[in-house]
Amino acid sequence: MKQYLMLTNEELKRSWKMIVSVILAMASIEILTVVGRVIYHERQIKEYMSYSKLTESEALRSFGKLSFGLASVYFGYIVLVGIVLVILYAVQIWYRDWFGESKYIYRLLLLPGSRAKIFFAKFTSLALVIISFIGLQWVVIQLSYAIFNWLIKDDYRTSSFNIPIELNQLYTMNLIDTLILVVLALFIVSFLFMLVLLERSYRKVKGLLFIVLEVVAFFIIMVGGMYVIEKLDFFLSQEISAIMLAIFVLYFVYTIWKSLRLLKWKISV
Amino acid sequence: MRKFNFLLILAVISFLTIGIYTIFIQSIDESDFTVETVKGDPKQPAVRSVQAELYDEGLKKVDYNVALDGRVEKTKDNWISGMFEGPYNENGAPADFRRFIRSDYVLTFEQQGTTYAMGTKDNNKWELQYWEKGKQRVVKKIFPAPPEARKLGETQLSPDKRFGNSLYVLAQDIQNDSETLLYKIDLKNDTIQKINLPVTSKGEIIILGIHNETIVYYTTEIVEGADDEKETLYLSDGKKSQRLTGLKSFGNEETKLSTDGTKLIMLEREPKKLNWTIYDLASKKSIKHKISIPSVTDESGSGEYTELKDDLIYTANRTGDGVFNVLVIDALSERVIYEGNIKDKLKRTETTLNSLVYN
Amino acid sequence: MLEVHGLKKRYGRKKPILEGVSFSVRPDSITCLIGLNGEGKSTILKAIMGLVPVDAGTVLVDGEVSREKIAFVPDLQTMPGYMTIGDALLYMSDYYPDWNPKVAEELMGLFKLLTTDKILELSKGNQAKFSLVLGFALDRPYLLLDEPFAGIDLFTKEQIAWIFSSHYMEGRGILMTTHEIIEIEHLIDRVVFLQDGRIIDEHDTEEMREVYGKSVQDRMREVYQR
């Protein structure tokens, strides 16, 4: 247990600069887009006033007030970039041990005790990064809202707090949904880990072949399962949900089991 | 510490930031409903079973079911519980019954707490199942299809009305325009009897009400060159049909036969009032009624729901921020038997009225 | 005794790199795996340590399947690039219960290595020395060394060779691969010659010298220049 926690710490330490830079960059860009939107909106209203010879309140009535939801409309894209970066991190966290400045994979595989701790250390690192991304993104939203309120003239904005629809999908104001989101993200991470370990175990053509097989098998299980359920026309929607959930849980467990087996028996430096 | 510093920092960040999110969630207001009775007894049978379904469409999605005696049921769905939610009318039904009614070819109809489901797979056999809410027993019956119905193509069976031991069912070929056939199933003796509707149409037949041998229905026909379909209203005793003239818009609005089978009630909704006509089938005379209803139409929308059920008009309307007025009117006597206001103490405009449901 | 039985390994459809290799390493002795480049010497060491999967074969350490009695010094850097020597020593003491800080400290002094130096900025010779520190400071009865003399200067070679005759060697069984046989020939107890994935010859060096009157290098020439 202690070794697993130390290894997790080591993994995070190795990525620390990258994690901090990405978070800072994303937060700054998000805040800047809000500031930009506010300035742009105020300028538009002023131009409209001088062009149409209208008073400020008339211009606001016809032009509309700026809501925070509209001011933070670009956040969705930045979150998307964040998701892509996390996916890349899930791949990089393994490959750097083979292709970095040193061959740390030798050291990792030779550590006393079970190799499962290597897998779970990397997995926990990803989990922590994902959870902090979700949490920090919320803090940045709140911070941007404070800046938005401070920056914009009161008459120019709508009074209530709202967020763009894409962000609303992510922040449903239900903690169970957040937990489900994290579990889904971790499933994707686990799936990626399995693909990377397949490649690192079998290499080249054989590695690629196994990756293709796993991906195809995954789609056959999912799409095929759906197709069979649809064709049978027997199950109730709740039963279908339960079956899909069970398949998901089993497949999740399978990806972890497969990765651990590869790490124990097939992995190659 | 050295061994775990980065792990701890990130764990603390995760914990704190998710904590901030949790505190934000907790701080979001949720509607707090009370019901103020203006008139009538909320415990009388026709009112007791009514619940207003309200949705909070703000940041936090909350569903409220407010009964008129003040009981409030609050549900917050998450993605997983959403996956396991069944349609409202299926709640508590035995699995076999739910399995039956989910088939594409089965149609359902609910009357006084009993759900009737019917369908035919191959035109040779008719399957009927019905289930009373709150019970475990499902009645299952299979009938050989009547000879005329076997000739139809893809047959859709719609249970339409139960009267005594008789269940009235419409059979129609949904692929081809064909006559709609009406049958009476005797649930006691398990027999099917064809009811002749003396006047039928190649288009649709819509039954407005059945009471003993009295059947009020209308036919629709496409008239070449006209935009609208031609709708004709008939009163039948199963042997001959009588065309009912002078009545308009019976097909567009809620039109139902009174529970005693002697009158036709035609309800029309206008933004600030309800109009209804009571047509006496015996005397062929109409009496018009109207009642004004409190309702606002501001930028938050009106939020209204009106339904005619068992000679009663149920209507719910938004009258202000977080205030919904509920009226139950006896259509025949024009008497308001209940009036109440559902009030949100927080006056949230995000909470909107969806519908009234009857349990 | 470290026993290797019937190791087989093939990469893809190529010719097998190991075709049933069996040999053993006695405690308190130095065994040298000798072969031309690409004969699978490093693969054998990695296979013993479970760093490459094998198609067949077993490795027993004193009769058990246990890799935790063997220390491995590969011919490359295995610590993360950002670490200093000090970080790496702490890392070893954190993770290895059989880490011997006293031996590490002595060898650091002997090799004149500084804890503040970044590992990846060390010279090739110092990197090799540091790798040896990491291997020798583990209290393990068997030690595998992959090309410990590759690409380092004469004086460093001598220093490393000295270690092999020092008290740090006491009781340990060593298996190494090397091309630089001359410097350490006098230290080696046993040689195993590999060719085409098989062991083609195996001798105690003393016996070879006394019975055949040949040095290891002479025998190498005979074997590989046939």
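Letters A, B and C mark the chains as written, and numbering starts fresh at 1 in each.
Methods note: a contact is a pair of C-beta atoms (placed from the backbone, for glycine too) under 8 Å apart; a residue touches a chain by one contact, two chains touch by 3 or more.
Note that the structure is a prediction, hence the values are computed from the model and not measured.
*Asks:* Identify the chains adjacent to both subunit A and subunit C in the sense defined at the top.
*Replies:* The common neighbours do not exist; no chain touches both.
*Asks:* Find the most central chain, measuring centrality by the gap between its CA centroid and the centroid of all protein CA atoms shown.
*Replies:* A
*Asks:* Among the chains, which one keeps its Cα centre farthest from the Cα centre of subunit B?
*Replies:* Looking at centroid distances, C is the chain farthest away.
*Asks:* Please work out the Cα centroid separation of subunit A and subunit B, and write it as a whole number of Å.
*Replies:* Centre-to-centre distance between subunit A and subunit B: 42 Å.
*Asks:* Go ahead and note the Å separation of the Cα centroids belonging to subunit B and subunit C.
*Replies:* Distance between chain centres, rounded to whole Å: 82 Å.
*Asks:* Hunt down the residues of subunit C that sit against at least two other chains at once, touch-wise.
*Replies:* In subunit C, the residues touching two or more other chains are 94.
*Asks:* Which subunit B residues reach two or more other chains?
*Replies:* Subunit B, residues with two or more chain partners: 3.
*Asks:* Which residues of subunit A are in contact with two or more other chains?
*Replies:* 6
*Asks:* If you look only at subunit B, which of its residues touch subunit A in the complex?
*Replies:* Touch residues, subunit B against subunit A: 3-7, 10-11, 13-14, 16-18, 20-22, 24-25, 28, 59-61, 76-81, 83-86, 95, 98-99, 102-104.
*Asks:* Given the complex with subunit C, which residues does subunit A contribute to the contact?
*Replies:* 3, 6, 10, 14, 100-104, 106-107, 109-112, 201, 204-206, 265-269
*Asks:* Spell out the part of subunit A that touches subunit B in their complex, as residue ranges.
*Replies:* Spelled out, the residues of subunit A in touch with subunit B are 5-6, 8-9, 12-13, 16, 19, 128-129, 131-132, 134-136, 138-139, 142, 161-163, 168, 171-178, 180, 233-238, 241-242, 244-245.
*Asks:* Looking at the complex, which residues from subunit C come into contact with subunit A?
*Replies:* 12, 46, 49-53, 67-68, 72, 74, 76-82, 91, 94-98, 119-120
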